[in-house]
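Labels run A, B, C and D following the written order; every chain starts at residue 1.
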Amino acid sequence: MDLRLTDQQQAFRDEVREWLATNVPAEALPPSSTAEGLEAHRAWERRLYEAGYAAIHWPTAYGGRDADLLTQAIFSEEYARAGAPHRINVLALGLAGPVLIDYGTEDQKRRWLPGILSCDEIWSQGFSEPDAGSDLAALKTTAVREGDELVVNGQKIWTTLGRFADWIFALVRTNRDAPKHQGITFVMIPMDSPGIEVRPIMQINEDPGFSEVFFSDVRVPVDHVVGEIDDGWRIAMATLGYERGTGLGNHVRFSQNVDELIALARAEGADRDPLVRDRIAQRFVETEVFRHHTYRGLTRMASGEGLGPEASLNKLYWSEMETRIFEDGLDLMGASAQLSDEADTPSAVDEWHKRYWYARASRIYAGTSEIQKNIIAERVLGLPKEPRG
Amino acid sequence: MRFDFTDDQYALRDGAREFFEGECTPEHVRAMWEHETGVSEARWKQLADTGFVGLTIPEEYGGLGLGAVDLVLLLEEAGYAGLPEPLLETAAVVAPVLAAHASEATKDEWLSRLATGEALATVAYDRAGDGRWLAAQGHVVDLVLVLDGEACHLVAAEECTVEPQATLDRGRRVAALSIDTGDATRLGDAEAAAETRDRVAAGAAAVLNGVSRRLLDLTIAHVSEREQFGRPVGSFQAVKHKLAETKLLVESARPATWYAAYAIDEGRIDRARAASVAKAYASDAAAKANHESLQCHGGIGFTWEHDLHLWLKRASALQRAYGSASNHRARLAAALLD
Amino acid sequence: MDLRLTDQQQAFRDEVREWLATNVPAEALPPSSTAEGLEAHRAWERRLYEAGYAAIHWPTAYGGRDADLLTQAIFSEEYARAGAPHRINVLALGLAGPVLIDYGTEDQKRRWLPGILSCDEIWSQGFSEPDAGSDLAALKTTAVREGDELVVNGQKIWTTLGRFADWIFALVRTNRDAPKHQGITFVMIPMDSPGIEVRPIMQINEDPGFSEVFFSDVRVPVDHVVGEIDDGWRIAMATLGYERGTGLGNHVRFSQNVDELIALARAEGADRDPLVRDRIAQRFVETEVFRHHTYRGLTRMASGEGLGPEASLNKLYWSEMETRIFEDGLDLMGASAQLSDEADTPSAVDEWHKRYWYARASRIYAGTSEIQKNIIAERVLGLPKEPRG
Amino acid sequence: MRFDFTDDQYALRDGAREFFEGECTPEHVRAMWEHETGVSEARWKQLADTGFVGLTIPEEYGGLGLGAVDLVLLLEEAGYAGLPEPLLETAAVVAPVLAAHASEATKDEWLSRLATGEALATVAYDRAGDGRWLAAQGHVVDLVLVLDGEACHLVAAEECTVEPQATLDRGRRVAALSIDTGDATRLGDAEAAAETRDRVAAGAAAVLNGVSRRLLDLTIAHVSEREQFGRPVGSFQAVKHKLAETKLLVESARPATWYAAYAIDEGRIDRARAASVAKAYASDAAAKANHESLQCHGGIGFTWEHDLHLWLKRASALQRAYGSASNHRARLAAALLD
């Protein structure tokens, strides 16, 4: 066991840290859900791109740095520590790009990868549907081949940046007669195609970050299909593996959250209250445990072992922990937690609420906590499956 | 020994339920979110006309002269409906405290106007960090009952500095009040203050129980209909057990709250304990209902257009207002251990 | 809403209170699991019987007082408040007796009721089996009719007082071809019948209160069957209704437990610790809530409404609450909780452990917490049933 | 950056596992419950002969000269096996503290004898209410390391008044010791005491993690086999989710504990925090494992003849010994907030 960095890793850390110290905007950018904020975020992404930090995990051949997992983790940690802006094109950098690299044709790579890297083209993800939910493969959006085109009809939901995205990578059903997990195709669709309508979803935290996307006879060239027609489920499943590198800096964020909780307790004059102290200490314990768990998983992945179903332990852990952290913050505020804006608190109450609802959403998206528990029970513990209804 | 309501009390409850089903639908509640003041004068007037607002006001002032036990089921229905108007503050707290502790002159000045719905009242119980008071619907009320430690004060709203606040739950807005209190504003003795505290706690518990019931009902309806993996979500044991646990808490909170109302009406020796027990337990039950209902709804529960959040936010506010569960436990611990 | 007692009820309460004050032994009786303790408990039961308190809920015709539920509750509360000895023949007084009264022939009543009332005959219950558990109807003990006798073979488990009991009322399978819930018979079996072997079960709290009972060709006269052959499941289900009167004094006991917890906190010098105070207050809240819940249920039952599946809420509530009370006690003791005897604590650590394990067992017996939740979900909330495997 | 053990460390772990599978089966543990002292001298001697006891003792005294990271997996296996002997106290605490802080004379007197298994040691960390110390296997040890606030003391057992206690877990007995400490018995400075405290916490966490794993494994085996309502108990979602939650806690506790061992070996600045994090989390994980395992076993888990209770009682004892979760959280709160 050796948690020190090599000289080379240390040098990379120093380089990243210095670059971020120089380049991270002093003021937080406006929210990317506004047109103004989006431009500011695009400019920031462009800066990252020019410095070679846009996608360090991509192969060098496609503009990345071929960074190994540890190097990615170092970058993610420093990025989180610096409080740098959230990444807006993560779905393209983390999912669409790697899918193209692994499954795309050379033409497809040339067409799409550069725009992803430079953030000239923003991507959204078209997997979820209203009637599918946790049961992703129950998707109903259809694509019927007519000559060299697919004609797409249906509806996607929970697409990020839907209003601003240039492209959507979507799963569509190309064969209704095939079993549920077959007959699904992975296709890239321009968001300005005729027949696409985007309706923002107003969320309960009043954030319009997600949209519904409706497809009516949307015509897509067949060469926008990645992989083979009817073979999209396999690719969709492969994207789950790409997510393994995405949470590497999360533990830094959670530790920062506990620091904010401590600052809040002090500001509320509650830091001598033993009940508050006990809860803050418990949140600290949980974030520390998560940090060690992250490093442990990192080592396993770096040595070529997949996390496999144990990724569910990770997801379940942090989403539940995050909810508790923000709920504790609201409890600390007491009756003031009902306000939606209060300048007195160190972290504005608004911001707490927003993050609290996000945290609660994290128990739903990317596999609900209940589904994670099923996976752990059946695939980690080996318990017998439920009888099918 | 009869731990139940009378037929008359159930009839009042049914009347309130019917009224809310007509006049306080989710669409009505939603309309208040966008409304200028967030309070419907017309609905309040109607509520007053039916006698609900003046339920606890003596008959000589135009009320029904009834008690906390008569009111408690109405408060629950108000929570269930998501009523924006300050029925809790006016009818469960200010009116009976005035009736019991105010001078004849003060009663003459206010009670009839409260009974007719002409005047609204609220309670300044929760303090903001800066010495101001947070008061529900403080921006539209006429009268404020201030609970300041061991003393109660009565202040006309026009004598306060009133600053409306942005609230998470725009169906129950809060204003920050700066209030000058002194000997001139004092209402009654320490007993008036103690009684006020207990009425606030028991009343808030009753409203919370209604909110929790609504959260549970919305969720039962959702999981009975929504299918995943080819079967209703509500047929999964994990979902069942969550909702069974929630039901347990919510159903248990109700008799405890009813008892607190009874203890108030009867001046029972355990009145203060009963009120804290009710608010502590109802708050925790509401927190559980909040958690499980949103989780069982999945993504749809996070959308503005779904009604769930109207009650999620009410639950979140009332759970922490008027003394959180841990505040009330601290009060109980002092009674038990000191 | 009126929680006052009538003059008559008050008079009964005073009478019971006075009788108990005069008659309850100053020293706790030895455990009824010992021969000596059993005799002492029998003597106490006899005293209750002679005073007319053995089974006040039974009809006057059979030696009871025809007491209504409120009167029963008054008796149970006073009994608990007085710290009177636990009742040893509860299964007979609460289940076998009422079954006989409702379903027995006049001969059967005459034969068994007097011995139950006087505690001359002690009864155990033969429902549970090792392979049945929560699924009571999966029982396998068989009874084959041969002339005027049933020949019983099989095994029962978790029988109380098995070693000392004179009789066992058992469910046996008389028809193997019938559906699971049919073909079951309710029968009274003398424990001294040839072919019965009783093996005490040593529990983890080192209490040998339960036994396994093995039946090898045990011959029982057919007139020991209550109701009809093959109709026992209906009677077994009816016994669930009889239990409704049994928990009426429980809330007194739980409140006493919280008082003991408070005394323990003081003795451990922990009563100023805000974390301890918060937990004790929570236990107080829970016991108070339970008390009100009990009175509410009592009123409903007294007015002729059955509790029905809501009895599950009650069972779930108290068994979970009881476990928490005793767990808090162990936490208060800290490292000393690992000792199994320590005279310094107000309630000996031994006693806490014993009650802690009992409390945990209460989450299993008479329907596990999981089964109670299923019942609440399906029969109170009306959620859809699980698909059958 | 490598958060993993070396092949050598895994080989040691495998050796320990194999040893325990042969010499510390449930039947062996059970035998200790009825044994006169509850400690098998023969097994301890064998453990010493394999080098496990002296693992952290410098080679010059006949040990292997290894560290806390090398030992931590062995402690976990000891917990998994339910080992009655004081490996935690001797090898994880007393030996390394002596090696680091004792005088040459003291080291000469004790370390070789500990390494050969001739002498046993324990730690006096938990106080009984009456000023005595509770010490694991205190009735059979030769040497006692006392952690008294900011000071460590080393006392020969023969100089203590030793009173064996009845314990819930007769596989790990406890004696009450009356100990005279003073300048003559003091060992090292405040740092020695701090290090001792951290070694106790981290070591106890490691053993607890093994206990929790065993509880979980016993339960998985049971619910996979036991059928109710025509299907394995483990196929019910409620059971699955309980055990998934337990697995989450237990698996998360392990890397945190390994890190604490690493922080001890490396003298990291967050050593004290890491040790408290490990013990707090491992204690709560063990409490969860204790709860769910017994519940999932149903009635059979309450019987003396079933092995489950051997680990239930070990979990219950170690969860509260050497600082409970809330004790360690209080320590962390002081570090974070004061």
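Everything below uses one rule, namely that a contact is a pair of C-beta atoms (placed from the backbone, for glycine too) under 8 Å apart; a residue touches a chain by one contact, two chains touch by 3 or more.
If you're wondering where the values come from, they're calculated on a predicted model, not measured in any experiment.
J.: Out of A-B and B-C, which chain pair has the most contact pairs?
T.: B-C
J.: Nearest whole angstrom, what separates the Cα centre of chain A from the Cα centre of chain C?
T.: Whole-Å distance between the two chain centres: 54.
J.: Distance-wise, how many Å sit between the C-alpha centres of chain C and chain D, to the nearest whole number?
T.: It comes to 40 Å between the two C-alpha centres.
J.: Give me the residue numbers in chain A that touch at least two other chains, ranges are fine.
T.: In chain A, the residues touching two or more other chains are 274-275, 278, 370, 373, 386-389.
J.: Can you pull out the residues of chain B that are in contact with at least two other chains?
T.: 231, 235-239, 241, 326
J.: Viewed as a graph of touching chains, is the assembly arranged as a line, ring, star, complete set, or other?
T.: Contact pattern: complete, every chain touching every other.
J.: With touch defined as at the start, can you tell me which chain B residues reach chain C in the complex?
T.: So the residues of chain B in touch with chain C come to 1-5, 69, 216, 220, 223-224, 231-232, 234-237, 239-241, 243-245, 247-248, 251-253, 255-256, 258-259, 262, 273-274, 276-277, 280-281, 326, 329-330, 332-333, 336-337.
J.: Contact residues on chain A for chain B in the complex?
T.: 128, 130, 133-135, 138, 157-158, 201-204, 206, 268-269, 275, 330-331, 333-342, 344, 353, 357, 360-361, 363-365, 368-370, 373, 388-389
J.: Chain A touches which residues of chain B in the complex?
T.: Per the touch definition, chain B meets chain A at residues 126-130, 134, 165-169, 174, 226, 228-231, 235-236, 238-239, 294-295, 298-305, 308-309, 312-313, 316-317, 320-322, 324, 326-327.
J.: In the complex of these two chains, what residues of chain D are touching chain B?
T.: Interface residues on chain D, with respect to chain B: 236-238, 241.
J.: Can you name the residues of chain C that touch chain B in the complex?
T.: That would be residues 1-6, 9, 70, 262, 265-266, 271, 274, 277-278, 280-282, 284-286, 288-290, 292-293, 295-296, 298-300, 302-303, 310, 313, 316-317, 370, 372-374, 376-378, 380-387 of chain C.
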